[in-house]
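One structure, pasted below without further comment.
Lettered A, B, C and D in written order, each chain numbered from 1.
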């Protein structure tokens, strides 16, 4: 199972070339992660308030197409790994077609690894049981998994 | 040869955990790229005004340590490839020690691939000869090259 | 009549004190302006594509309370003036209570003046008739108007 | 006496119209405030670490001209008031001419009021004596003061 959320490309995402400036994609991916954690019952602001953070340790991104101001996008998120403390995430950004007969198109693929850590000191800790259970339905099986 | 530039971690780089929020590192790396292009005689704003952009197509980043508000950092940049149209870049962010007897420490390693493109339509084009010549001294030899 | 839109305070809006860093409020106000223009049939990205921009010339803001990560906010927008080329806007940000028996509270009041201008050269021009007509229902009458 | 610092307009400051997107000016003004506090011996990150923050409560800004990617700017800062807990600040942004025979030009004027507060709870407190003494040389006299 994958989680999906829709976003709009805003004026402030775009650069003098009229396209999304690449660091802005990571704000959008982080918003998708926030939406996902809220959806599974663990809003990130509550996790942080309880002393649990999920800082990123690894990021790989392919930029496959440009997004422009006014575009509607769909961000999908699946998990590639739920370890003792680390979580592997796989994101895709698709543009939503403005015209009804145009297919969506894949704009960006990202893989992140985040690690459960104590806030604010950053010491690694295990994923709490409840959170682990809420994450597992999104763990991609081999056939779902993107290479 | 590598290019080096120093930056400060600013209040606006930091998140509620008091550390740099990861997309902000890419603003800092882009500033380093701007400083590098200006240093070799091809300021990016002049490249863009002349119709040449260098959008990113691939990014790999390892986050090795946290940076905090007030930290001084050193960003170094070397080139891993100067192709027909694409340029491979290798960045490192080191913190500068506040105390004189403390060594610097590596906080982040990033590898990017950017592609020379026409602004604003994004059509790929060859690296202009003058720019290529200015880039080549920063192409890492095998022994300099980081694995 | 006033326009209203709801937003969430995201991780990236917040600073090391755990509250919204003040420039981030202006991204939120600009998103509200984008939502408003789309609502009245003139999406900003289409205005810009047609050569019409609305840069800001004057801004006054009172910061009345702090917003935190996870807060839901309501932004309301009314117009204080629809001139030949300039538009006066009045924004309020209210937090939405998390508990049902708590009232909303006013966090920020802002007044902006934007001016219709030609993109990209910035020459002032009259508000197009269609846009003017779409704006007028949101012009605050004396009794609605905030002092 | 006024404090002055120089900055460059970076790619990430600019919007699809090729000019600085207005919230970005407040990041630049905040950087100037950081540079000022460090210059007078009270770096903001040390103030915050000691439990003292200076959140903004009021902001007035006139946007008088556009800044573009690659522009060099000069930000000057004087104080209009040093009260018991509040500090009034007056900022100007001037562009630095690229050609030697062109004068600078005023792009932005901003007035802010910040209030000494306890971190993280925001309770107002008096300006500490040492900080007050360091601020006073920058308090504008009537003749220096901008209307």
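Rule of thumb we're sticking to: a residue touches a chain if its C-beta (ideal position, glycine included) is under 8 Å from a C-beta of that chain, and two chains touch if they have at least 3 such contacts.
This is a predicted model, so every value here is computed, not measured.
A.B. asks: Go through B-D and B-C and name the pair with more C-beta contacts between its chains.
C.D. replies: B-D
A.B. asks: By mean C-alpha coordinates, which chain is most distant from chain A?
C.D. replies: Here the answer is chain D, farthest from chain A.
A.B. asks: Using Cα averages as centroids, what's the distance between chain A and chain B in whole Å?
C.D. replies: Using C-alpha averages as centres, the distance is 24 Å.
A.B. asks: Can you work out the whole-Å distance between the CA centroids of chain B and chain D?
C.D. replies: 28
A.B. asks: Averaging only over C-alpha atoms, locate the centres of chain B and chain C and give their separation in whole Å.
C.D. replies: One centre to the other, that is 35 Å.
A.B. asks: For chain A, give me the residues that contact two or more of the other chains.
C.D. replies: Correct list: 11-12, 16-18, 23, 27, 30, 48, 69.
A.B. asks: Considering only the defined contacts, which chain A positions touch chain D in the complex?
C.D. replies: 11-12, 14-18, 21, 23, 69
A.B. asks: Once bound in the complex, which stretches of chain C touch chain D?
C.D. replies: Where chain C meets chain D, its residues are 16-19, 22-24, 26-27, 30, 48, 53, 55-63, 66, 119-120, 122.
A.B. asks: Provide the residue numbers of chain A that touch chain C in the complex, in ascending order.
C.D. replies: Within the complex, chain A touches chain C at residues 10-12, 27, 30-31, 34, 43-46, 48, 68-70.
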